[in-house]
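Just below is one structure, and these are the notes that go with it.
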Amino acid sequence: MGLVSWLFVLPFATAIAVILTPAGMPKMVKKIALAGTSLHLALTAFVTYKFVQVAAFSGDAVKDALITHLYLVEKVPWFESLGIQYFVGLDGISMFMVILTSIVIFTGVLASWTVTERPKEFFALLLILVSGVFGVFVSFDLFLFFLFYEVAVLPMYLLIGIWGTGPKEYSAMKLTMMLMASSALILVGFLALYQGSGKETFDLIEISKVHFPIVFQNWVFPVIFIGFGVIGALYPFHTWSPDGHSSAPTAVSMLHAGVLMKLGGYGALRIGLYLLPEGAQNWALFFMGLTTINIIYGAFAAIKQKDLKFFTAYSSVSHCGFVLFGIVTLNMIGVKGAVIQMFSHGIMTALFFGLIGMVYGRTKTRIVTDMGGLAKVMPWLAVCFYIAGLASLGLPGLAGFIAESHIFLGGFVGNQWADATTMRILTVIATMSIVVTAVYVLRGLANVFQGPLKEQFKTLTDATLTEKISTGILVVTLAIVGMAPWYFIDLIEAAVYPMINRLGLTASNWMVF
Amino acid sequence: MSFSPELHHWLILSTILFSIGIYGVLTRRNAVGVLMSVELLLNSAAMNFLIFNHYASKPFIDGAIMALFIIAVAAAEAVIAMALFVAIFRSRKTVDVTQINTLKG
Amino acid sequence: MDITLNPADLTHTIAFYTLALTSIVAALIVVTAKRIFRAAVALAVVLICGAGFYILLNYDFIAGVQLLVYVGGIVILIVFAVMLTSSLESIEEPPSLGRKALGLFSSLAFLATAVIAFSETKFPLSSISAEQPKDVAKAVGRKLLDYGAGGYVLPFEVISLLLLASVIGAIVVARNPKRKNEGSAT
Amino acid sequence: MNELANSFAFNNAWLIPALPFFSFLVVGLFIRPVSDKLAGIVATLSVATAAFLSIWLAFDYFSAFPAGAEHPGLISWSFEWLRYEEHLAVNVGVLVDSLSILLMVVVTFVSSLVHLYSIGYMKGEDGYGRYFTYLNLFTFSMLGLVVAPNILQTYVFWELVGVSSFLLIGFYYTKPSAVSASKKAFIVTRFADLFFLIGVLLIAVVGYNAMSMFGAPGSLPDNVSAFDFSYLTSSGVSIMMNNLGLLTPAMILIFIGAAGKSALFPLHIWLPDAMEGPTPVSALIHAATMVVAGVYLVARLFMPFAASGTALLVAGYVGAFTCLFAAVIACTQDDIKRVLAYSTLSQIGYMIFALGVASATETLGYTASLFHLFTHAFFKALLFLGAGAVIHAVHTNNIWNMGGLAKKMPITNITFLIATLAISGVWPFAGFFSKDEIIASAFGTHHYVIFAVGLLVAGITAFYMFRIYIVTFLGKARSEAVNKAHEAPMTMTIPLIILAALSAVAGFVHFGDFVSVGAESGHAEGGFPIWIPALLSGLSGIAIAWFIYAGNSERSKALTERLGAIYRVIYAKFYIDEIYLFVTHKIIFRFISAPIAWFDKRIVDGGVDLTGWMTRRGGAVFSRLQTGQAQTYTTWMVNGVIAVAVLIWIFVS
């Protein structure tokens, strides 16, 4: 088995190891899960090293590429009669996302150190979920992609329904139903691509060599984009997110907002933009409008929230709007920005939810107005919270700025298919979110951490060692991406070129394949 | 046209028997009656195998074997069904299928 | 209209139609009789007619099996079932009119569909029946125990397993639960 | 390669911003938890070293390019930090020219004095180490801002300055007023930054589009980025953007950003509230650093501003209005730090309108503005640190609870008086020269309204400054605390003395020889001697203050009663804060945010719930089909099979 397969096999194997642990050994379960995820972190580092060794990052071949070039590919026929193969590999974007997921699951396991109810099942489901996520990021066969997608989405129902808080059954059901409905759309889109390509294959790279007729692209693109948009919190299909996130247990919120929502942006990019460039051109402005609403609307709605998790969930709606916004700018800068935003939002929001879980574990309340002055008793958490908040309002030096500046510039640079003035106006509206974000972030943080310390909180303690490690890793990641972005941008740039180059092709150019 | 039995005649016969069986399955109230109707279905299916085997252009025997199997399966089915009827009758004092309606959500 | 008057064929034809009519009437009785015992007798008639058909088709061995297993075994079993669950004279409530109509519709729809379907289909068969193996019983026996290509030894074994399982299952299901403790005690 | 190739200070100019940054990391992560005392010392030393380096750099630079010669912008060190696209890269680096040297010197110098002063001032405070961490961060951000060779780096550090000032203002985080002041400062400046960002996006994208079509302009290197100041200030670019009609909008947008940081009307509201931070912070933010960032930005982009003309004029009038407006409010405030805050607003107004009246040909205003920035940094820092010493001694901000402090705190008294004289524009103190030059530049460019405002405000400034000086230091003690007051410790008085010395003599620098647009030095030459009315205006202000406040306190009361409603309106700062509160809370929160939250909960989410409800209702209806009777199911199955068969048959054949 190749290196890439291990990326999702390892968490799955860890999940099985967790299931096979004898009952009544919760400590053991956690240790196994931690060992598995730390091993995975090391594996990811190794795979990244390998990837950087073999991948080409510059040169004319990279700049003019029309087909995504994959590295560390493993391809085995599976159901040959249906054109399904086991096809995994990595390009810069998937590598980047794999790094994100690996970090988030590691910190997520650390953050759920305090889970006491059925820890075995909890960690097993968590790990199965994450192996699905890894599978999505590395698979380049539509069938395999969808398979992993479902593996990633379904455990969420149980995780929220069993270990959640508040109206958990309602939230779990709502989330699952909406995501299932979107899966149906995605499946329709995939089958249409399978049929429409006329190649009888689910191989993404093979399909990408086909020029689909405009009419076909015009209806398949929105199906795919909305299908993935639901999980990427596209307005108005975002409402699963506040309920789901607020009911989910800490690690699940971290994973869901941090990684699972990225599947939306990733799919919209990898399948929507890459395979259906002309559909994207025709729909870009429409979706740009929708995502602008996302950005502003999420930010304004966050101002009014009293519950910390709702607050973060709405801010996620706003930030995930940036991802989709970046994709539909249809230019190099914007799409790069979307990918970086996926990463930075993933880390940032994982940090947010992790911290909220930690604060909630101590104060037993998530209502901001009930708290106050907590910086005095939990300085570490306060500092991390502030860093997360500052990253979310796009402070330079942290990852959020790199992403948002790319996206805003992308929106301003525009493309040749949409009206430049309209795009700029939309971008200006979107930039307004940086002020609104500042308002809600500062209001929220001031309510929680500043002001006089309430009597009942005087005895609370600061973060434990595991909590310090998990939040520390996330904070450092945010800072590294924010201060030394060039490594990461180099990583994804080569993968974004083909997506952008294809946009400029005319029908006759497609004959080159 | 000939009145002597040809493939179509045979098939129509078995289909008629099968349709009658369907009617029985759908309408008999007594569970044993339903079982009997099922036997009609199985019988006509077995007959169909033999008919096709008989009219096959190559010398086959597989149809006959299938018929044998059907008979065997019918026997097994009858045994199980009878046991079930007895068990149901013991607990519900009836084998009227319209009274047995626990198969719903 | 060319009616061949081959005497063998004529016998064959007459037998076919007689048996067909009998079996259809009997089958109708099976599904409509109010007295369940009467239905069981009619079922036996249908099955015996079935054996007749098999003879007409030159499958004497299968016809024998049919008589032995079906008429001799299954029908008896059914009679037992009838007696165990109701008295022989018990009268079944007729089904509701709606159910009758639905059943009639369904069966007629099936009949129509099936008849149309195979009358539209061109079967790749010769109208004249092919040369049959001389001794069907022997051929069947060989084929059943043949473990080469086209052999049926595995299904044969599976069927025997199925029969065994159903016998055991029947015993388990039908056993009186009240006696369960005694049974396990001994 | 160039004249400075052998200069240590030039080659290592990156150390100037980097030293506070390293110290920030080291102090914040390692020293702070261990020892507070060491944290203060390390932080102070790092900034002092940076100050030393920047003075060395200034010395080397002006030796290489002496007064009167051309002062080129040299990039001492840079690397490509972020590359959006070809011609759209951010080359983080250190730009050395007279403007950046001026600000480096001012920032590091004042900052190191503030650090030193804080060692004494903050003694025994909770969060001592944290305080120095923030101070380091702030100094780093400010230095990164002034050395930026491109506008995106400016924006980056602009934001960092905002955050570190947020942290400093909200230093007493358990105090609700400090928390809301810090929030307000951050959000108001961020609001302004939004416009700055849009302006940057606009000019960068226009430049990028132009360069991707036509390549880099001939006078610049091929790999020039649209963010680079060298590109933005080249005249060809300004002409091109002006032809597209985008120069003026972009420059006005950028000016709004500058106005936010420099607290120009109507974005000034955060600055008086920022007094909630520790007093040395106020000195740092108001004197030398954050508030002059706007002035620096306009000066840095002076060429495109001048090319637009309109944008510069807007700046001029906004500056003049702020100048007058803040001075009027300053006359009525009782909190010593608030008076100083409004005086800062007013002085920043001077600097901005001086830039506003300048033009590409009449560059006196440019020089005058930066000259004032230079002198103002010293005397305003001195005023704040002096006020800090007073507050430290009497534990109140209200001037009416002070009085008679001259005897108790002699050093503070003398230094404060020097600063007051300097800001009032009395010869030979620093303020006299710079203010004189500003007023002269307004007169010289025929902006007579602005000139009149400048002249008037010179008088008002003298009035309100002497008002607080007289009330605070002269007369009789008005509270118990005054009697217990004593002089501040050495670490606090040394910075006062140094600053006082500079406030006294800084005006004699031939500033225009060093900092100017192009080679020609801007100097008020010949003509009408503007300094006479300016000085007279200042002196009359002092005289009025003396008449009202010295000795007889009844006069001031009578005056306030006489003014009645006008006084109250001014005292309430023209109700600007209330208007903002109304707009944010009543309009934005209530009429935008709340309806969106409601809409999301009821309509969008309601739609989802409705779908769920309909599904459940539908399920309830269809579940009636499920009778539990096997025969019914069989019926459906049979008919279903038949239907499927028929459908297949229809579609296949």
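Every chain is named by a letter (A, B, C and D) in the order it is written, and numbering of its residues begins at 1.
The rule is simple: a contact is a pair of C-beta atoms (placed from the backbone, for glycine too) under 8 Å apart; a residue touches a chain by one contact, two chains touch by 3 or more.
Small disclaimer: the values here were computed from a predicted structure and weren't measured.
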{"item": "Chain whose Cα centroid lies nearest the overall Cα centroid", "value": "A"}
{"item": "Inter-chain centre distance, subunit C versus subunit D - centres from mean C-alpha coordinates, in Å", "value": "97"}
{"item": "Mean-CA-position distance for subunit C and subunit A (Å)", "value": "62"}
{"item": "Centre-to-centre distance between subunit D and subunit B (centres being mean Cα positions), rounded to whole Å", "value": "92"}
{"item": "Whole-Å separation of chain centres (CA-atom averages), subunit A against subunit D", "value": "36"}
{"item": "Residue list for subunit C, restricted to those that touch at least two other chains", "value": "99, 102-103, 106, 110"}
{"item": "Sites on subunit B at which at least two other chains make contact", "value": "22, 26-27, 98"}
{"item": "Touching chain combinations (by label order)", "value": "A-D, B-C, B-D, C-D"}
{"item": "Interface residues, subunit C side, partner subunit D - complex", "value": "99, 102-103, 105-106, 109-110, 113, 117"}
{"item": "Complex contact set, residues of subunit D against subunit A", "value": "80-85, 88, 152, 155-157, 159-160, 163, 166, 170, 173-174, 176, 179-180, 183, 186-187, 190-191, 193-194, 197-198, 201-202, 204-205, 208-209, 589, 592-594, 596-597, 600, 604-605, 607-609, 612"}
{"item": "Of subunit C, residues touching subunit B in the complex", "value": "1-4, 9, 12-13, 16-17, 20, 23-24, 27-28, 30-31, 36, 39-40, 43, 46-47, 50, 53-54, 56-59, 61-62, 65-66, 69-70, 73-74, 77-78, 80-82, 84-86, 92-95, 99-100, 102-104, 106-108, 110-111, 114-115, 118-119, 123-127, 129-133, 136, 139-140, 143-144, 150, 152, 155, 159, 162-163, 165-167, 169-174, 176"}
{"item": "Complex contact set, residues of subunit B against subunit D", "value": "22, 25-27, 34, 97-98, 100-105"}
{"item": "Of subunit A, residues touching subunit D in the complex", "value": "173-174, 177-178, 235-236, 238-240, 242-243, 297, 300-301, 303-305, 332-333, 336, 373, 375-376, 390, 393-397, 401-402, 405-406, 408-409, 412-413, 427-428, 431-432, 434-435, 438-439, 442-443, 446, 449-453, 485-486, 489"}
